[in-house]
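So, here's a batch of structures to check.
Below are two complexes that have subunit A in common, paired first with subunit B and then with subunit C.
And then the complex of A and B:
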C-alpha cells in the first residue's frame, strides 16, 4: 500500500522534472558557454531514478501480492511462482507503459553521458525532443493508465496472469524488445536535433550509428524471443505467423535495418542526409503506430491487454503531434547541402546500399499495407478480409532472390567506383550453389523452379560470406557475420519449411501408431500438482526407421487462476532437427489428440538471429580508423 | 527371374506412389487448414485451434479433399459460405487492388527514384 503511493508520487515528480529540465535546458541553450550545464545531466539522472523507483514499487506490489493495487489485482495471484509475479509487472498495459518510460528516460540519460564530444546545442535539442516524448508518456500513464490505482475494499485474491504468458522467454521478451523498440526514440530525437542544428554530417553519422546498432540488436533479439515463445507455447510448431502484432515489431526492424546501411553511406560520403533523417523519423513513428494499433484494441491478440478507447485516442493524438512536429522541423530546417555529389556510380558500394534500402522499403510497404489495409477496408466499406501468410509469401519471397544476390555482391564493391573484375571465384561459387540446390530440390515435390532460384541465391550468399571467413579477408567482420547470419536464417527457414513433416492422430494410453517415418508409442500418463496448476504428463516414445528411440513428455496443464487449459509441447532439439510433440484432450472419451512434428534445422533459425546480433555487437565495439 | 524383378519393382513403385498420394492429401489438408481463419478464435488458424468451429471446418475440408476437389475450389466453397474473412489469402478483386498492387507500385516508384541517383 505504501509502495503504491511512493510509485505514484515518483511518477508525478518525474513529470515535474521534465518541465524543470526543459526550462533549464532552454536557458542553457542561449548561454555562450561551450559546455553543457552539468546540472542537466544530474537532473536527467534524477528523473530516471524516479521512474526506476516507481517501477520498483510496482514490482514490490507484485511480489507482495498487494491487491489494493488494481494492476496487481488484475494480473497476479498469490499462488504464482515469484518469477512470474515479477514478470507480471510488465505483462500488462499499465506496467508495460512504465517500462516504456523507463527506457525513454534511461536512453536520454545515457545519451547525454556518452555525447560529451558533441556540440552543446545539439545535445540540448536532443534532450528537449526526447522530453516531449517523455512528457507525452507521463501524461498517458497518469491520465489513462495509472498503474497505481487504489482498490477498496481490498480483494483477498487476484485474478491471475494469463497462463500462456507464464513463461521464461516471454518474461524477458518485453524488456529486451523495448530496449530496441523504444530505444529508437533517441535516434528520432537526435536526428531532429541534428536537422535543427544543420549537423547531419559524417561526424554525426559516426556518433549516431552506435545508437542505431544498439536499438537494432535489441529489437532483433526481442523479436526472436517472441518468436521462440510462439514456437513452443502456442502449440502449433510455427514460429512466425504474420500476425499483425508480429508485423508491428517487424516494421521498425526493417526501417532500422535500412537506416543502419544508409548511415554507412552518410559516414563515408556525406550524402543521403535527407534520407537518413526520414528513416530515423519513420522508425520511431512505426514504433508509435504499433503501440497505437496494439493498445487501442484495433488488433486482437495476446498483446491486447484492455480495450479502452480513451487510450487509443490519446496515442493517436500524440502520434499526430509527433509526426507534425518532426515534419515541421524537417521542412523548416533541413538543408540538403550535398548537391555536388548527388550521383552515385552504378557499380559502387553506395549503389548497392541504395538497392538494399530500395528492397527494405518494399518489404516494409508490404508488411505495413498488409497490416493496416484490412482495418481501413473494414472502416470504409465494412467488408472484412484476412491478410495472412500466403499474401506475405507471395509478395516477399520472389523479391528475396535478387535481394540475396545483391547482398552477396554489394559488400565486395568499392566505395565511389568499382571496376568489373573477372572474379572466377564468384562464378564458381555461383555454379556450385546452383548445382547443390538442384540436387537437393530434385527429390522434392514442390515448386521446383522457384525454390531452385531462391535456394541458390541463399546458398550463394552463404558461400560468398563463408569464403570471406576462410580467406581471412575480414576487413569488415561485423558486416560479414551479419550477412552470413542472414543467409543462414533464410536457408534454415526454407529447409525447415520444405522438409518439416507432421502426424496428427488420436491415441489412447498403451497404443502404438505407425507412420511413414517411424512409430509413436503412447506409454503412460502421470499427474502432477504445482502451486498454480495441475498437469497431466504423457510419456511418448518415438522410434524412427533406424530404430533410434526418443522420449518426449508433453503436458496438459489446468491453471487455477484464471481457470484455463493449456497444452505444453515437449521438444527435443538437436543440431539437425527438432522433434516436437503436443497433445490435447478429446472431449468425452479416453483418446488424446496427438500432434507430432519433425522440424529440421529449427535451432539454426535461432542461431542465425544470434549471429545477426553478434555482427551488430562487433560493429558496436569496433572503432573505425 | 527378370520378370520377377520387374514385378517387384512395379509393386514397389505402385506401393510407393500410393503412400505418396495419401501423404500428399495430408500435406494438402494441413496447408489448407493453415490458410483458414478460425472465426471464433483470436487470431488463430483452423489448424491451430481445437474449438468446435475448427473441428467442423476440419471435417468439411477433409471431405472435400476426399471428393477430389482442388485447393482453390475448397477456398471458394468456404468463401461463399463464410465470407472472405475466413481465408488468409485475399483474392484479387475490387476490394483488394490497393492491397496487392500498391506495394508493387511503390517498388517501381522507389526504383525510379533510385535510378535518378545513379549515373552509368
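And then the complex of A and C:
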C-alpha cells in the first residue's frame, strides 16, 4: 500500500525536478563562470534517486504481491518464484517504461559526472536536451501508463505473468537492451548540444566514443539474449525470424554500428561531421520508433503482446516533436567548417569505412522498408500482408560479400592515403579462403556460386583477422576482435543454415521413428508438480547412424495462472552441434507432436556475439596513445 | 564555368540520387515477389482464380474439427461465414486449440482446401492477431 504511494509521488517529484533542473541550467548557461554549477549535478542525482525509489517500490509491490496495485495484479501471482516476481517488474508495459526512465536519468547523471573536462555550455545543453526526453517520458508514464494505479476492492490473486516470459534470459533481456536503446539518448542529446555549440570536433569524438561503445555493447548483448530466448523458448529452433519486433532492435544496432565507425573517422580526420550528427539522431529515433511500434500494437508480430493504441499516439507525437526539434537544431546551427571536407583519397581507411557505412545504410533501409511497408499498406489499402525471411535474405546476403571484403581490407589500409603494396600475405589468404570454400561447398548440396562467394568472403575476413592475432600486431585489438567475431558470426550462421536438419512427426509413447540420420525412440513420460505449473516430461533417445545415443527430455508445462501451456525444448549443446527437441500436445489426443532438429555450430553464434561485445569492451577501456 | 569543387559535388549528388533510386527500386521489386497476403475464408471463397502464391489464412479453429494422425494435422478454419479445410504436417504451436484464433501459412489447393506449411504461434493467449479480429468482424 505505502509502496504504491511512495512510488507514485516519487515520480511526480522526479518530474518537478526536471523543470527545476531546466530553470537552473538555463540561468547557469549565461553566467560567466567556467565551471558548471555544482547544484546541477546534485539535482540530477536527486532526480535519479527519486526514479530509483519509484522503481524499487514497484519491485517491492511485486515481491509482496500487493494486488492493490493494478500493474502487479495484471502481471503477477503469489505462486510465482521470487526471481520471476522481480523480473515481472519490467516484463510489462508500465514497468518497462519506468525502467526506460531509470536508465535515462542514470545516463545523464553519469554523463555529467564523467564530462568534467568538457566545455560548460556543451554540458548544460546536453542536460537540457536529455531533460526534454526525460520530461516526455515522465508525462507518458504518468498520463497513459501509470504503474501505480489503485485497484479496489483488492483482488485476492493476480492474473500472473505470461509463462513464456518466465525465463532467465528474458528476465535480463529488457534491462540490457534498454541500456543500449536509452544509451542512444545520451548520444542524441550530446550531439545536438555539440552542434548547437559548434563543438563537433576531434576532442568531442574522443569523448563521445565511450558512450557510443557502451550503448553498442549493451544493444548487441541485448539482441543476442532475446535471440537465445527465442531459440529455446519458442520451439522453432531458429534464432532469428526477421519478425518486426526483432527488426526494430536490429535497426538502431545497424545505425549505431555505422556511427561507431564514423566516430573513429571523426576522431582521426576531423571529417564526416554532418554524417555523425545524422547518425546520432537516426539511432535514437529508431530506438524510440522501436518502443513505439512494439508498444502501440501496430506491428503484426509473433511477439506481439496485447496492448493499447492510446499509448502509441502519445509516443508518436513525442517522436515527431523530437525529430522536428533535432532537425531544427541541425539545420539552424550546423556549420560545415571542417578543413578536410571532400578530401578523401580513394584508397584509404576512411574511404573503406565510408563505403561500409553506405552498405550498412542499405541494410538498414531494407529492414526498415520490410518492417514498415506492411503497416503502410494496411493504412492506405487495408490489405494485410507480411514480409517473410526470403525478402531479407535475398536483399542482404549478396551485399554481404563486398561488405565482408571491405571489413577485411579496410583496417589494413592507412589513414589519409594508402598505397597498393605487394602484400603477398593478403593474396595468399584470399586464395586459401577460396580453395577451402570450394572443397567445403563441393561436399554440400547448395547453390554453388553464391555460397562459394559468400563463404570465401567470410573466410577471408576470418583468416586476415586471425593472422593479426598470430603476428601479434595487437595495436588495435578491439577492432580485430570485433571483426573476427563478426566473421565467425557470419560463418556460423551460414554453416548453421546450410547444415541444419529437421524431423517433424507425431508419436505415441513407446513408438520408434526412423529417419535419414538415425532413430528417435519415445521411451516414456513422467509428471511433475512445481509451485506454479505442472509438467509432463518426456524421455527421448536419439540414436545416430554410428549408434551413439543421446537422451533428451523436453517438457510440456501447464501453468496455473494464467492457464497456459508451454513447451520447453531440451537442447544438448556441444561445440560442433546442438541437438534440439521440442514436443507439443494437442488436447484430447494420444499423439505428441515431436520436432527434432540438429543445428550445427549453434553455440558459435552466441560465442561470436560475445566476441563482438568483448572487442567493444576492450575499446572502452583502452585509451588511445 | 563552375569550379572543380562544384562539379565534383554535383557529380556526387547525381551518383547519390542514382544509388538511392536504384536501391528503392530493388527493394520494392523484391518486396512484390516476397510479400505474403492475408486472406479470410470468406475472401478465399469469393476468389475467381486460385493463385499458386503463398498466402496466410486466418480465423478460428472450428470446434471438433482437429484430427491428428501419425504425420498430419487436419482442421478447419472458419470465420463463421465460410470455412476452409487445412492440412498440415509439422509442429503445431501450444496456443493452437479448437475455438481459438489461428493463422496458417501455405498454399491454396482449391477454394476449400489449404495446405499449410507453417502455423504461426502467438505469445499471449488473450492476443488475437489483428487480421483474425478483422476477419471475424470483432471490434
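Here are a few things to note about the model shown:
Operating definition for what follows: the second predicted complex is superposed on the first by the 611 of 625 C-alpha atoms of A that agree within 3 Å, B and C clash if a C-alpha of one lies under 4 Å from a C-alpha of the other, contacts with A are read in each partner's own complex, and residues count from 1 in each chain.
Convention: a contact is a pair of C-beta atoms (placed from the backbone, for glycine too) under 8 Å apart; a residue touches a chain by one contact, two chains touch by 3 or more.
What you see is a predicted model, and the numbers here were worked out from it, not measured in a lab.
Once the complexes are laid over each other on subunit A, subunit B and subunit C cannot both fit and instead clash.
Contacts of A:516 after superposition on the shared chain: subunit B is touched, whereas subunit C is not. Touch criterion not met for A:398: it reaches neither subunit B nor subunit C.
In the superposed model, A:164 makes contact with subunit C only, not with subunit B. After overlaying the two complexes on the shared chain, residue contacts for A:351 are found with subunit B alone; subunit C is out of touch.
With both structures placed on the common chain, the touch criterion links A:505 to subunit C but leaves subunit B unconnected.
With both structures placed on the common chain, the touch criterion links A:383 to subunit B and to subunit C.
In the superposition on chain A, contact of A:366 is made with both subunit B and subunit C. In the superposition on chain A, A:564 makes contact with subunit C only, while subunit B stays out of contact range.
In the superposed model, A:155 makes contact with neither subunit B nor subunit C. Comparing which residues of subunit A touch subunit B with which touch subunit C, the overlap comprises 234-236, 300, 302, 342, 358, 362, 365-366, 369-370, 373, 383-388, 390-391, 395, 504, 584, 593.
On the side of subunit C, the complex with subunit A involves touching residues 5, 8-9, 19, 23-24, 26-28, 30-31, 33-39, 54, 56, 66, 68-73, 89-98, 120-127, 129-131, 134.
Against subunit B, in their complex, subunit A makes its touches with residues 234-236, 238, 241, 243-245, 300-302, 342-346, 351, 354-355, 358, 361-362, 365-366, 369-370, 373, 377, 381, 383-391, 395, 399, 445, 502, 504, 516, 584, 593. For subunit B in complex with subunit A, the touching residues are 19, 23-24, 30, 34-35, 37, 42-43, 45, 47-48, 50, 83-90, 95-96, 98-100, 102-104, 106-107, 110-111, 114, 117-120. Listing the residues of subunit A that touch subunit C in their complex gives 162, 164, 234-236, 297, 300, 302-306, 342, 358, 362, 365-366, 369-370, 373-374, 383-388, 390-391, 394-395, 504-507, 556, 562-567, 582, 584, 586-587, 589, 591, 593-595.
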